[in-house]
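Each of the two complexes below includes chain A, the first together with chain B, the second together with chain C.
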Partner chain A sequence: MIKVLKPGLQTTVQDDGRVGFYETGMPPSGAVDQYSYAVANLLAGNKKGAAVLEITYMGPELEFQQDATIAITGGNIPPKINGEAVPMWETVKINRGDVLSFDFVKQGARSYLAIAGGIDVPVIMDSRSTYTLCGIGGFNGRALQEGDALSIGDVQETDVKEGTRLTEEYVPEFSTSHEIRVIIGLCSYRLTEESKQRFLELEWTVTPEANRVGYRLKGERLDFVPREQPFGAGSNPSNVVDLGYPIGSIQIPDGVEPIALLNDAVTGGGYATVATIISTDLNRIGQAKTNEKVKFVSVSLEEALKARQETNRKLEEIKNIIQSS
Partner chain B sequence: MKEIASPLPGVFYRRPDPEKPVYVEEGHEVKAGDTIGLIEVMKSFQEVKAEDDGVIKSIKVEDGAVVEAGQVVAELE
Partner chain C sequence: MSDLKTRYSYGGDEFIFVELSEDMSLEVNFQAMAITKKLREKNMPGILDICPSNASYMVRFNPDQIHPDELIDELKKLESSVENLDDVVINSRLVDVPVLFEDPWTHEAVMQFRDRHQDPESTDIEYAARINGYESKEDFIKAITGSPFLVSMIGFVPGLPFCFQVVPREEQIEVPKYVRPRTFTPERCFGFGGGFSVIYPVQGAGGYQMFGIAATPVFDKEQKLPDFQDSIVFPRQGDIFRYRDVTREEYDAVRAEVEAGTFEYRKKDFTFRPDDVLKDPRAFSDMVLGRLYND
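Moving on to the complex of A and B:
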């Protein structure tokens, strides 16, 4: 068992997502940074899809009541065992009685703690991910609280040697300004040409309203093409007739502040979605902190798919490196 | 002198509620664990606490200002 001495700001059980229920209005949840999540599991020797802890901004304090193999990846929230710094992106042993804690966040926003065997919580609709807004999945459908006790599961696949670590090329750098690639559309035709350009030129600032549901960004007001609203659309020019929202889609209610929807967001609605963050860069937007800068870069569908293949190839390489070490 | 840092990025507030008095004034004595302010981020509020006993020498951040993780919000003597 792992005892939660302090929960951190928002520490939740997450995996590769509750995929396949989107049309019923159920978002996937799951780790926001799927790359760091997958690498943590590989370093811990877990099967694909094992549940980990997603740590946001401020780490928890966890007492291990059994020996375990762990790996911590993602944003740099420096981990410590019994007060001594331990490396990230590396397979680490922790002993019964040890306390894992974290220092102030240095880089990025979210860290992933994988434990060999995975976090053992019930599987709800094919996933162990926490969806806090509906209170399902994960540990009792909520973020961890002081006094909780987590069980370690049995989804370990291999024994990874202590000290196995990745070379720099596999470790993402998270700065304070983030270039995020998007595909323009589906409803970008609703923005004026000038505002479409400004959307890509501006450096947006991440507001304090940035979580697993979405990231609200501050910059300048954008304008929609005036029109007589069609039947079924709301009266504001930023409204369209309801449509499904892609994960990573960006809407700008009333043209004021863009909101990028993430893993726990509503699955559809009546705001014009002007662009969609490519899946590879969903990993990065989730590592942007409040007050940091975001710039959107327009790419084609081909470039987006290439980026996805590149990420998958990297994960495959990492798997091979870990297995042969 | 000891520094009290915000563990989080967000908005710093000196009072629990806009209608309520501030948690601490400069020159006030505090005990370890006393709340000196709040950080708002991700639609939640996290208390910033003194880690030692002492007297608040200065408050470094204005009410409602944006802070970075690890930024010093107050100094303790």
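Moving on to the complex of A and C:
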């Protein structure tokens, strides 16, 4: 068991997501940064899809009541065992009675703690991920609280040697300004040509309204092409007949502030969506903190697929490195 | 349906978004239903989510397994195969949904957010009745409850049904959404925005006009009620809901049944063809109401 001494700001159980229920209005949830999540599991020797803890901004304080193998990845949040610094992106042993704690996050916003065996919570609709909006999955459907006790599961695949670590090329750098690649499309025909350009030129600022549902960004007002609104859409020029929102899609209600939807997205609604963040960069947008800058870069489908293959290749290499260590 | 200008678009590298029409109509909703049903039946590898919506649909896929352009080609083929909706059959349920209009809880929320509304001097229902040309709120409620609604999309949050009324186009109600979205909407609030009525499954943010409250849940994560044994959400696209105006007394009685875990919707399985609806929506509506309450 792991006892939660302090919960941190927002620590939730997450995995690779609850897929297949989007049409019922259920978003996938799951780790926002799927790359860091996958690496944490590899370093802990877990099977693909094992549940980990997603840590936001401020880490928890955890007392391990059994020996365990752990790995911490994602945003740079210096970890300590009994007050002694231990490395991230490395397989670490922790002993019964030890306390794991964290300094404030230095770079990025979200970190991942994998424990060999995975976090054991009930599987709800094929996933252990927490969807806090409706209180589904994870640990009692909510973020961790003081006094909670987590069980370790049995989804360990291999015993990874203590001290196994990754070279720099596999460790993402998170700065305070983020270039996020998007594919322009969906209802982008609703924006004026000028506003479409401004959308890509502007440096947007992350507002305090930035969480697992979505990131609201501040910049300048954008304009929609004037039209007689279609039947059923509603009267605002940013309204469309209610439609589905892809994960990573960006809408601009009333043209005022763009919202990029993440893993706990609302699955649909009546605002025109104008672009979608590519899957590789969904791993990065959730590492942006309030007041940091975001710039959107338009890419083609081919570029998006290439970036994705690159990420897949890296993960495959990491797997090989860990297996041969 | 040659007048439809379909837009196929990439939603990043994991989604295809297909907008069949910018306008809402029963016909386009049936088309989206038909295409997504056929796609589901094909059981193609790499398809993760198939999400029909009002006048569009969306597919989530794994691009490591299927190339998006290959998927678009397939979707275009499916679209042309359903151009003629003749061989499309919709498996539906007719459902009685009791609603208490102008209830105290919704009214409190209505008054709380007047500063975000087009017309702060009226209530949502007074405003909606007036701009749709009704003499009184009572006539407006009669129009809402007089004909059933097709569940045309599920989404926003788990279990929220978007419902489009089965009446001729000229009788369809349309209202704007709030000028600025609210931070609070009561659970089970019966709302209206654009051409759609909704029931909010859980309390939360919202932008639709608020008219009342449904006595019955559309979302039950504990799956206590008999109607939720297979799924935590009740509505399915293609269902036909009749919103029935109830008294406070009946509302309280239904709530007691829900709380006791014994409530079951009055409902009938029902199969229909799009053409049954499109050729005469009025006659179809009368027919299904007869089936729901009499047969």
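In the analysis below, the second predicted complex is superposed on the first by the 325 of 325 C-alpha atoms of A that agree within 3 Å, B and C clash if a C-alpha of one lies under 4 Å from a C-alpha of the other, contacts with A are read in each partner's own complex, and residues count from 1 in each chain.
One rule holds for everything that comes next: a residue touches a chain if its C-beta (ideal position, glycine included) is under 8 Å from a C-beta of that chain, and two chains touch if they have at least 3 such contacts.
In this text the structure is predicted, and so the values were computed from the model without any measurement.
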Contact breadth on chain A, by residue count: chain C or chain B: C
Chain B versus chain C as contact partner of A:I277, first or second or both or neither: second
Partner chain(s) touched by A:G234 [first = chain B, second = chain C, both, neither]: second
Contacts of A:M26 with chain B and chain C, given as first, second, both or neither: second
First (chain B), second (chain C), both or neither touched by A:L9: first
Which of chain B and chain C A:I136 touches, first, second, both or neither: second
Touch list for chain C against partner chain A, complex: 7, 9-15, 17, 19, 21-25, 48-58, 60, 63-64, 68-69, 153-160, 162, 164, 169, 172, 174-177, 181, 193-196, 201-202, 204, 207, 219, 221, 231-233, 237
Touch list for chain A against partner chain B, complex: 9-10, 56-58, 104-106, 208-211, 289-291
Contact footprint of chain A on chain B as seen in their complex: 5, 7-11, 40-44, 46, 66, 68-70
Chain A to chain C touching residues, read off their complex: 19-26, 125, 133-136, 141, 182-183, 185-187, 189, 230-236, 239-244, 246-249, 253, 266-270, 273, 276-279, 282, 301, 304-305, 308, 312
